[in-house]
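Below, chain A partners chain B and then partners chain C, in two separate complexes.
Entry: the complex of A and B
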């Protein structure tokens, strides 16, 4: 093979020297298409609530556009992969705003309760719904302490080819698994105007996310449940 | 019996072109040939797709050879305005045969039956 394709170059995960002093750093997490997800990786997010602007919904909008879901103004039945929540400390009046989505737990209760095995955790820690075998019982929605999943109540048309969605099944944040496998960032992380979201490999001590979690004070929602979520928060 | 079936299978594509034939008109895909022999695809495409879906979704293997997305992209049928037709249209590649055989594929209650806009352009 004389010529490397862009994918192959990305897949090497190496830093490529274009010219002296100019280096293109390819994403370290791109994998070959034929390789399965590896347990050596554990994909996660670090969300800095101090940077997250109140009223900004860029991450939610990015998710809708990328995954092809939308709100019909019916909050009871609308799908919701990611939502912005506002927090207020009643004693001090301090307000903060942050996005909440599937927390991609190391011990996902959704997978534990699923009667068909449709809810599962991939080797690299991404929690997904296999909608081929999902029967729409919604046990996972009840088990999830983060209200991260939603049920598709209505017929769906115009799905994105990379994200099949259909009535009668449960869905939730996939951590943009189709992008992660290509070495790209999740859509919400890419579109956050404040740079409040950091994506990376929690298992790699050299990754920016692991270094920040090691150096700074971060927290996870409902740590007391012992689910070990992959989504970390800061400044909450 | 086998010889007769073989002869039928060989004649079917030609018969399909005849306007008065009852056989389904199967639109041609792009490119020179399919990822597998036509006989294999006719008999086993569902098995290949099922195997691929489990490898992709559950293991993260993203090879394209037996991917439904690639089938849809290659076998796209366009309407008079150059827009790809969906499974709701009788001219759709999957529909043309499945309609004839009266077998309803479940794929498209979730999966897109047309390629992404920029892919359809090529």
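Entry: the complex of A and C
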């Protein structure tokens, strides 16, 4: 009998134990960290703006704590991997609130324009920056339709072992790739008190995220651009 | 028409060394700024996560665009066989290289990690127009270098037309690449337009010729060589056509945007409500860059005044810098539209007009680009036979005295 790794047990346990709507890495897709990312998976999010509480920043706080980015009191140059956007429809006055981060596009413009290939998409659809070959040209920031990236304007402190950062390079949401590779949920999803964020494999028709997207009306930001983002929204 | 001789400049006068010294001060200022910015991080500049490209890019793109345009005087001589421009060809080619070097230096020194230049030279993503531009820029040095060899070395002279044609095609492709840096940005409403590439080509003709006229006039005045009105008039008339062409492309670009309801917001910002950006567009790009040069070039009262062509050239270059500021800063100042039709706000300035005030270091870095280009020209005219001994009308005008 094959011995289960701690990671697999955790992933299986999470799949069984957590409330519906929060878990979502099927055990079959949990992988060993040393295994390469697979194109069989397409990791994504479904965010329900109707559940997202105005003024709540739990997802932002969780991201900061997990990834080690913080404010230096200079809002214009401080990084923001995820932020809450308040929306108002001027014709009806309807208001909503939702988190926006890297949308992990299937056709990421950041990766297309990056001269060195530092911006890239993994086989499983997660878009990342290779900090070793980012030259800090910021062309990806010009190209990103979602304003999802930040340039590191000053020295960084409190770096996490899983997330090295560097002054002079560009960074953004990694979909908590270090957690996903361990079969865990992204920090923002885990900490959302309203259960407004659902993480899972868009390629797996049996996954709750794929099933909800198949059954309910969802949208993606700037769908018209044809970039096929992995982050879906509803209730916007 | 007599054969025109080229000779190195003497380059021993106090004025020459003072000029080099002054340019050196600006270059050191740029290098010091780079050190300051890289040591502290870019938060000490006016650039932010909203305005990610600032005045260093304004200057760098202006110089790169002007570089390809500066080569046109040589192209007109060898590709289009207008022999009257032939004596100017070496200066035209050297100025093109110098402007490109100045622009690229600023671009590289403003990188977040300029120490990783070698990474940019060894890792290529061929889907990126930036990566293509690295090839186009380095190739430009090689192709124009070859072209210069055909001008300066008698053994390669028979290949002059071939090299000139290659350089001409290369420069068109290069400016297509520069314009496409903006044209390919699908998400930004101020860019994302196929017209950006041809528009930048037309801009380059005007900015490059303006820079050429200024350098030509200054170098002849400073070395006491005679520059007759015949050639200057021809260059002035050519500048008029290029400035009119730039004006035309600008009008078409904005009219096309205004026709699309989706882009009326960004156009209203650029043309009406954008504060500094709007002022720079109307006063800088349009009045200084187009209307005043055209008035100086085509109004009978002014056109034959000896300084009019140089003033027109200076205004064209200043207008070009204003255009780059409006294009690069203005295009970023207008917020991205993530949710069209909705009002958005966030701690990351979604939905807000972004402001930008350039800091002293980044301004000095930008200015050093001009200084680098001019210093290269000043050294080159001392080392090589680039400047004609005289361009008096009797040597340039085939109908002189008839």
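One rule holds for everything that comes next: the second predicted complex is superposed on the first by the 209 of 236 C-alpha atoms of A that agree within 3 Å, B and C clash if a C-alpha of one lies under 4 Å from a C-alpha of the other, contacts with A are read in each partner's own complex, and residues count from 1 in each chain.
Just so it is clear, contacts are C-beta pairs under 8 Å (C-beta built on N, C-alpha and C of every residue); 3 or more make two chains touch, one makes a residue touch a chain.
This one's a predicted model, so the numbers in the text were calculated from it and none came from an experiment.
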(message) For A:86 in the superposed arrangement: first (chain B), second (chain C), both or neither?
(response) second
(message) Quick check on the superposed pair: does A:160 touch chain B, chain C, both, or neither? Answer first, second, both or neither.
(response) first
(message) Just checking: does A:123 make contact with chain B only, chain C only, both, or neither of them? Give me first, second, both or neither.
(response) first
(message) Taking the superposition on A as described, I'd like to know which of chain B and chain C A:169 touches: first, second, both or neither.
(response) both
(request) Considering only touches as defined above, state whether A:115 meets chain B (first), chain C (second), both or neither. (result) second
(request) In the overlay, answer first, second, both or neither for which of chain B and chain C A:73 touches. (result) neither
(request) For A:205, decide between first (touching chain B), second (touching chain C), both and neither. (result) neither
(message) If you tally the residues of chain A touched by each partner, is the higher count for chain B or for chain C?
(response) C
(request) Would you please give the residues of chain A that touch chain B in one complex and also touch chain C in the other complex? (result) 166-167, 169
(request) Name, in rising order, each residue of chain A that touches chain B in their complex. (result) 31, 33-37, 120, 122-124, 128, 130-132, 156, 158-162, 164-167, 169, 177, 181-182
(message) Show me the residue ranges of chain A that touch chain C in the complex, using the header's touch definition.
(response) 72, 74-80, 83-91, 100, 109, 111-118, 133-139, 141-147, 150-155, 166-170, 221-222, 225, 236
(request) Please name which positions on chain C make contact with chain A in the complex. (result) 38, 40-43, 48-50, 52-53, 111-114, 116-117, 119-120, 123-125, 127-131, 133-134, 181, 184-188, 332, 336, 338-339, 341-350
(request) Quick one: which bits of chain B touch chain A in the complex? Just the residue numbers, please. (result) 53-55, 57-64, 69, 72-73, 109-112, 115-116, 119
